[in-house]
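Lettered A, B, C and D in written order, each chain numbered from 1.
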Amino acid sequence: MSQFQVRTDLALETREKFEEDHVEIKGVRVEEECREESEIKITTMVIETENGAKAMGKPKGTYITLEAANLDSQDEDYHREVSVELARLIRRLLPEEKHILSVLVAGLGNREVTPDALGPRVVDNMMITRHVLKEFGKYAFGEEEVNAVSGIVPGVMAQTGMESQEIIRGVVEETKPDVMIAIDALAARSTRRLSRTIQITDTGINPGSGVGNHRHGLSEETVGVPVIAIGVPTVVDAATIVNDTMHTLIQAMEENSHLQTLSTGLNALNEMEKYELIRELLSPQLNTMFVTPKDIDESVKRLSFTISEGLNIAFA
Amino acid sequence: MSQFQVRTDLALETREKFEEDHVEIKGVRVEEECREESEIKITTMVIETENGAKAMGKPKGTYITLEAANLDSQDEDYHREVSVELARLIRRLLPEEKHILSVLVAGLGNREVTPDALGPRVVDNMMITRHVLKEFGKYAFGEEEVNAVSGIVPGVMAQTGMESQEIIRGVVEETKPDVMIAIDALAARSTRRLSRTIQITDTGINPGSGVGNHRHGLSEETVGVPVIAIGVPTVVDAATIVNDTMHTLIQAMEENSHLQTLSTGLNALNEMEKYELIRELLSPQLNTMFVTPKDIDESVKRLSFTISEGLNIAFA
Amino acid sequence: MSQFQVRTDLALETREKFEEDHVEIKGVRVEEECREESEIKITTMVIETENGAKAMGKPKGTYITLEAANLDSQDEDYHREVSVELARLIRRLLPEEKHILSVLVAGLGNREVTPDALGPRVVDNMMITRHVLKEFGKYAFGEEEVNAVSGIVPGVMAQTGMESQEIIRGVVEETKPDVMIAIDALAARSTRRLSRTIQITDTGINPGSGVGNHRHGLSEETVGVPVIAIGVPTVVDAATIVNDTMHTLIQAMEENSHLQTLSTGLNALNEMEKYELIRELLSPQLNTMFVTPKDIDESVKRLSFTISEGLNIAFA
Amino acid sequence: MSQFQVRTDLALETREKFEEDHVEIKGVRVEEECREESEIKITTMVIETENGAKAMGKPKGTYITLEAANLDSQDEDYHREVSVELARLIRRLLPEEKHILSVLVAGLGNREVTPDALGPRVVDNMMITRHVLKEFGKYAFGEEEVNAVSGIVPGVMAQTGMESQEIIRGVVEETKPDVMIAIDALAARSTRRLSRTIQITDTGINPGSGVGNHRHGLSEETVGVPVIAIGVPTVVDAATIVNDTMHTLIQAMEENSHLQTLSTGLNALNEMEKYELIRELLSPQLNTMFVTPKDIDESVKRLSFTISEGLNIAFA
């Protein structure tokens, strides 16, 4: 029952769920760093085995999570600090063999739906250099080494009639970047994480992830070049929030001392019966709905600057 | 317990709640019309007495609700039909004494948050005539009678530092329209109503209503001219959806035959205890969150045309 | 001297220039139709020979120009009439062999520069069907024949670092449409044509054309599928307007009776000397500037609806 | 003849014109400062007498012009330097009597027309504080003195049917700020100045100025509080550029040695005849057109940040 309807795009939350349920997962290595002054916490999770991948429901690879309690504040200096940290983490995941890179930054999601506009807005703010480099060479920048940065906003299927994957495969085929960075807004399990967490992974974009549930993934396998994905949770699935609440209610009933009779009754239900009970109550409409904060416009605006700045630093 | 956290900006839903709870309300008169061919249902509710207003939690006046099952479809002819119906309903609420009107259309809400962008987008699509009329007279339009239509998008407090009410009072004071139309996105109780219902009322905008919870209302009393409000629900408050789900769960437990022991247990709780139980579980964060459909961008785009067209017909 | 700095993307204006200069062009066939009621004039020009193409400075093929004096008016019925006419002309240029088509509509130009935003805005308003057709089949539309319409807004080089051609080639390669429609804002020679003329051609997009001077063209040769281009002039090159004015001034001096001495002097200059005189005066900055009407936002908004409606009718 | 059709919103250019024509103006005091490292030049012009005002065609008051050759560059540190300088100049023009100020920033112009979008975009980027201050007091900011900053984007007449002046007067009347800052895109005489000059003046907005030619001015007299206007030229009037070119052509003919006969002929024309000649050639359509650079979107984006940053510093 534990995974029913509980969707999260954050590897960190998947792992937390296991811990809540006191289940141990093998094949997953975790390290934590804390920047005390800036209250930034970085968790690196490496899914090392196929068993680990199966248990986590996510492909093998590295998932770095940057949690910053004040990411939602207006303090520009703080955001600059996060950008610098982000640049460092992105560089850590870049393929090492090449020195000068050509990078395609893809801003996934729907520009017209505020919590899903993060990707497009990051690309809006990027320093794009590929065309200048192609025409004038690196001396146009007065530097010895310049990365060729290009950007694409593929839009969503209702706008284009095409999968993001189709558009991006075509563009990669034609322009042959060394690496692709995919920016996307994510769904979390907990409202507390919204706009406060950045996930960076070298596994690309999973099918079904993102605010709009991408139908097809973006990874080295499907796109042809390594894909680093950067995501920020901006929504919780409506079904998830409702499901979680009901679990909490049932749990509260079971634990609450002045509800002993109830407790007895609920204990009589097995997991499958509880599952059926909740399933009946969950309106199918909820599957096409999400929960998001009222001031999501400000968070997305700020975060798109923080992330584009991180990318600009990483590839400058 | 019944009204705890259940917020709706639709008078229709407030009344339904009473019916669900088998409570009779006095001082409220209701009439229904159906357009069978177009599956449009129009409910006119008149709150006639102070007692009715108190019970309903809404000011005295007329609340017309247009429900159109297919309002979410792409069929342009259908939307045209709704616009014509809407024009008729708006004209029904206009003050009668004047013949040629000057109208200020205010598009409330936050243009940057998709489900709250309805008001601003309606004004974007309006046929604005006041300046032409002022400069060239009605003969510029080749017609005997032309209404002077002006439009304002006041924005939200985080953008302007001012209440919508302050901006609109100033503009009304300066330009002295005969009547004001306020367009706003609303919160419903039920997800089924989203983007499918239009409410038209001569009571203006209530404090606390709207996606962004306007702090101050807009009515003849506060603005100085009659205010007709047109609203479409585009969100459900996150707290409402969670609360409603929990009620449904408790109800299901009480009714479900193979949960008899539970039923006994729950019956042992009085209303206040149930209230406390839910209150404990409701995260305070939910109060600043809303639930909205993933394709809300398309609904808002379409509805803003349907409503602006209705206004254009009403004031042509 | 006659063609110096006089740039136009309209085949019609190139031909007019020849007529002004009393030069006959061979290999170009012209036909005119007039819709009297609607004051729509349609000119079909077919460049039939390589010599004709060389003289015109445009590739062999068909150039249809729709001139509508009232295209700038707000009359919706009139725009609907133009859309129907446009649909007819588009269908005339479609390759005949196939019955059910898959069509990729590319909105060229820069969404952030008002007179260059026509292409992106047309795609915003298109009825996109490819994804629905792929998932549910034509029965989702309740019709026997449905065209698969997809859309792309490739952006401009400063935003993406890539040529529009690169992006479009990739997308075409990946999704294999039968035909591509490219929408673009054009440069005219005369301010009188702005927002009043639509050019439809089966020759695609020429290098150097468009408000932003596309570096690479889009044609069957470079893209791999037939390309029909639809363009509306929204700017005049600043260099063109200044050059034209100087020509007119010199001409006026030559013709003006009370300027006889001048006339003698100017006649003493040969064409090359006049060319040099103008060349010296033309600031190089002008080459990166354009002239556009102050109300271009309203024209582009209206025209994008008229053209997308024409496409929706053509492919419905 | 010298002032015919030559329109500029920059006091600096008006004065240059006088210098070109070797005309001395009385009642105007000028001071220049240069920041050598940053290549910023600041010219302070004070129109001290009514005669000076009449000659200049601009009201009495202080006009500060900041010229920065690299204002069009992407260098963020450079823009920060300009913002700091700008903040200093704004503070210099603020009324001195008050210590803690409430400021209304009005972003004039048309958001939908790229070179006219400067004002609206500056307000988008402003740090708005009035509502927080009103609700939580200055302690919310952890500082002893906080200015109350509010912002308004009044739109243009075609969108609202109202004059900017009407909307702003209403808002000022209702919210009573101590001072108003009006941001506006301007018309220059020379293309070389576009996006490279910032004018700050305590005389407010003149009627007829701005990209869209405001019909009514905004000044202490009409609005009721002191108005500081900040403007950047983003367009040249099409009529101005054509007129200027013709003057240059005539001048070149008069001066060019191998055009001696011409020279004689032109000398025979008096100023009035030249005026008539040009007037005949100037198409009336040009009065509704402007000239602007193709990359104006990038300039406006950058400048709106530089100016909003300057204001944020000035009022922090």
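Keep this in mind: contacts are C-beta pairs under 8 Å (C-beta built on N, C-alpha and C of every residue); 3 or more make two chains touch, one makes a residue touch a chain.
The structure presented is a predicted model; accordingly, all values stated were derived computationally and were not measured.
Trainee: Quick check on the contact graph: shortest path length from chain B to chain D, in steps?
Mentor: 1
Trainee: Is the contact between chain A and chain B built from the same residue numbers on each copy (over half shared) or from different ones (under half shared)?
Mentor: Same, since over half the interface numbering is common to both chains.
Trainee: Would you mind pulling out the distance in Å between where the CA atoms of chain A average out and where those of chain C do?
Mentor: 42
Trainee: Using mean CA coordinates as chain centres, what's the gap between chain A and chain B in Å?
Mentor: 35
Trainee: Check each residue of chain A and list the ones that touch at least two other chains.
Mentor: 158
Trainee: Drawing the touching chains as a network, do you get a line, a ring, a star, a complete graph or other?
Mentor: Looks like a ring, each chain touching just two neighbours.
Trainee: Which pairs of chains touch each other?
Mentor: Chains touch in the following pairs: A-B, A-C, B-D, C-D.
Trainee: Which positions of chain D touch chain B when the two form their complex?
Mentor: It is residues 123-124, 128-131, 148-153, 155, 157-163, 166-167, 169-175 of chain D that touch chain B.
Trainee: If you look only at chain B, which of its residues touch chain A in the complex?
Mentor: Residues in contact with chain A: 110, 112-114, 158, 191-192, 211-212, 238, 241-242, 245-246, 248-250, 252-253, 256, 258-266, 268-269, 273, 277-278, 280-281, 283, 285-286, 288-298, 301.
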